[in-house]
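Sharing a structure, written as structure tokens. Questions coming.
Per-chain numbering from 1; labels A, B, C and D assigned in written order.
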Amino acid sequence: MIDKRVASLREAVMDIPHGASVMIGGFGSSGIPLGLIEALRQQRAGDLTIISNNAGVGEEGIASLLRDGLVRKIVCSFPRSAGSIWFEKRFEEGAVELELVPQGTLSERIRIAGAGIGGFLTPTGYGTKLAEGKETRVIDGKGYVLEMPLNADFALIKAEASDPWGNLVYDTAGRNFNPMMAMAAPLSIAEVKHIGQLGELDPERIVTPGIFIDRVVSQETIHVPT
Amino acid sequence: MIDKRVASLREAVMDIPHGASVMIGGFGSSGIPLGLIEALRQQRAGDLTIISNNAGVGEEGIASLLRDGLVRKIVCSFPRSAGSIWFEKRFEEGAVELELVPQGTLSERIRIAGAGIGGFLTPTGYGTKLAEGKETRVIDGKGYVLEMPLNADFALIKAEASDPWGNLVYDTAGRNFNPMMAMAAPLSIAEVKHIGQLGELDPERIVTPGIFIDRVVSQETIHVPT
Amino acid sequence: MFRLSSEDMARRVAEDIPDGSYVNLGIGMPTRVANFVADDKQVIYHSENGILGVGPAPKPGEENTNLINAGKQYVTLLPGGCYFDNAESFAMMRGGHLDIAVLGAFQVAENGDLANWATNEDRFPPAVGGAMDLAVGAKKLFVIMRHTTRENEPKILQRCTFPLTGMGVVSRIFTDLSVLDVTPEGLRVIELFGSNTFEEVQSLTEARLLPPLNS
Amino acid sequence: MFRLSSEDMARRVAEDIPDGSYVNLGIGMPTRVANFVADDKQVIYHSENGILGVGPAPKPGEENTNLINAGKQYVTLLPGGCYFDNAESFAMMRGGHLDIAVLGAFQVAENGDLANWATNEDRFPPAVGGAMDLAVGAKKLFVIMRHTTRENEPKILQRCTFPLTGMGVVSRIFTDLSVLDVTPEGLRVIELFGSNTFEEVQSLTEARLLPPLNS
């Protein structure tokens, strides 16, 4: 029997160890697994490498991991936003390392890691500082940078609904990085609003097939301890 | 006003010229734009390069283009099936050139052509006859072949339903190569069962965003002349 | 010198967006261009996080935290719009499917080089987002920016001095003084606002300009 | 020699498919394995054209020409199944997300090389389909084939003489005579069917075999 449901956010992230690399879905306020991040923060694993489009704002989400000193390195495209105070502070202190990746290169590097592809040639960033030290080539007069796969030990995913097999449907623009990240980690954990019965989700609306998901946890049945 | 509807299959393929490269969606009997192929056959453009997973069976679809001598070259993964008599005949005669591509490499080459990527490294085919003459490299002990984008002048797409903006939803496994091919040609033409009003399609179910589609033609309003 | 207001700059860019275009508007001033596109034009807006057919801001109380644009503002979806993941969104951008992207800039060079993501004196950690992908991918890249810095230094240069976003990517520059096209021959002034003369605009530009073709 | 029937070969493969596995079955004999997986196991079948959760054949009259498997047979979708495009389907395969793939073969070499898509005497134009992607991508690759050709020539060789599908990709070989594992030390017999002896199986195998560990 395949049943990927776990009973609590705490249990869902319990085995993420010190030093792990963790992908976290989301774009701004959209599609972020805030419950899983909070459970990870309380779990106190540190020295983390976080891969996410943004670096968090205010006091919640990735910002709370930075505030608590749990992050060693962050890989993202847009760390600085209105309110990204904890990222800015930790970066200025030299406490957190930043790998800045153009957004489309970030999502494609994650996708190819999940797709078993060893690298790809992108025109993005050619001739810029972000391509320094990278292999390049010119094909038919157009310059390309060779970019490599980006995977992680764990992926924290946010979706709208799931089923016991881990199939996921999303709400509006909440997809963003979640579908690719679900593919790129050997252990992908999804936080959803609702887990239905098998067959309840419209198969034509499923965006992330359950094969990419290892655990699902529903906000209906769990409570984030504070 | 954006309105991509055209009145007939004939009109939809009218400007495909002699010598054009044409992608055709489908896998076996599934998701093939049979009406557009028949209109293309009647239009009599020849010397075509056809990119499709299969080479047609019986007397319809790609097989009818081969029978009528309209195809110069075929790029596919699985040309030989029960009933692929016209492909076999034309191939034996030396009348049609074959470029055989592993299926996953075929769909990814088409995808990257649509995604503006200049090449990718795949482990598929490494050390085999299908990688002969291609650039290879070994990364962390694993061998990869560099594969290049595959685009075409036109793409013929089959979907279930559309709207005036060209958004497409599919039926079950009818997606197959259609979504990637829609991206990889400057002129993509979709044959659908039904064209609804704008807003009629569930935005969460749309698989091919209309930006990739240039013309849609509905089987409801058109009739294939015979 | 006659200088357009920010609003009029956005209005001028909007004039050059044809009916039926797929358009991505960058964060900040570029986003305002949408306010001035004539009602008789149908323009489909793309948002890099994964939306095509972005609609206006929702009514108060109807905001959905998942439904935001690249600038993290609440938006809605028009009928005919749809959603997709970030990899597909950037496939659209990088793959040349968007007709027009409008971006702000720190500097533009006469060969079309764009610098809009970092300066040499950053006190903040850098951020790049989707600018580099848009720069290489859009069929036409419009830049909207003031012609000079607040200190009246030229921003249109022979070579950019700030880190590049993309090489030779800009199609057209809309400033508060004029409109300029990047051409194989160099930067050509195609419109002068108000009473501005070619010589006046040249004097505020480091790159050498070509005069309007019909002047 | 004791030789398993095709049915019993498929039954034997089915025994080695664990509960909860994601499995791709190749066209032909591999597809029959599904018929013998015990009812108390939940196995999710993948079809390369873009299905996860492939169900049994539809009732007559309920066929959908769009809903077919890789072998072009009509199928159904189980509750919990879903659809995706071919690029995503092969991302699953190439990316190592499938637990087991079962393929037929012309030849297997002692180092795990697989030859299953072309011979040297093809009278037909070649076809490769998804075999090469499955070969490199599945976590475990099971081969199901007769131990020898119809002419009693060995198919398990020191080196394949037919064009390769993949290098060093096979995990386990199920033949009508025995089950063999590809190990760093070489091909090890892990099961002998009926009264077959190690020596008898070796005599029908070109590659040198290692005896069962507990024999």
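By our rule, contacts are C-beta pairs under 8 Å (C-beta built on N, C-alpha and C of every residue); 3 or more make two chains touch, one makes a residue touch a chain.
Keep in mind the model is a prediction, meaning the values are calculated, not measured.
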Quickly list, by label, the chains bordering both chain B and chain C. A
Could you work out how many touching-chain steps separate chain A from chain D at minimum? 1
Centre to centre, using CA atoms, which chain is the farthest one from chain D? C
Nearest whole angstrom, what separates the Cα centre of chain A from the Cα centre of chain B? 33
Taking each chain's mean CA coordinate, chain A and chain C are separated, in whole Å, by 29
Chain centres from averaged Cα atoms put chain C and chain D apart, in whole Å, by 54
What are the residues of chain B that contact at least two other chains? 108, 111, 115-117, 122-123, 170, 172, 203-204
When you check chain C against every other chain, which residues touch at least two of them? 77, 83-84, 90, 93-94, 136-137
Given which chains touch which, is the overall layout a line, a ring, a star, complete, or other? other
Which chains touch? The pairs are A-B, A-C, A-D, B-C, B-D
Mind listing the chain C positions that touch chain A in their complex? 47-51, 64-68, 72, 77, 83-87, 89-90, 93-94, 118, 124-133, 136-137, 163-167
Quick check: in the complex, which residue numbers of chain B touch chain A? 108, 112, 115-123, 137, 139, 142, 144, 169-170, 172, 202-205
Within their complex, chain A touches chain D through residues 1-2, 111, 113-117, 163-165, 167, 183, 198-199, 201, 203-204, 206, 209-212
List the residues on chain A that touch chain C in their complex, please. 27-31, 53, 77-81, 87-88, 91-92, 98, 100-105, 107-108, 110-111, 122-130, 143, 170-180, 207
List of chain C residues in touch with chain B within their complex: 19-20, 22, 42, 44, 46, 52-53, 77, 79-84, 88, 90-98, 136-137
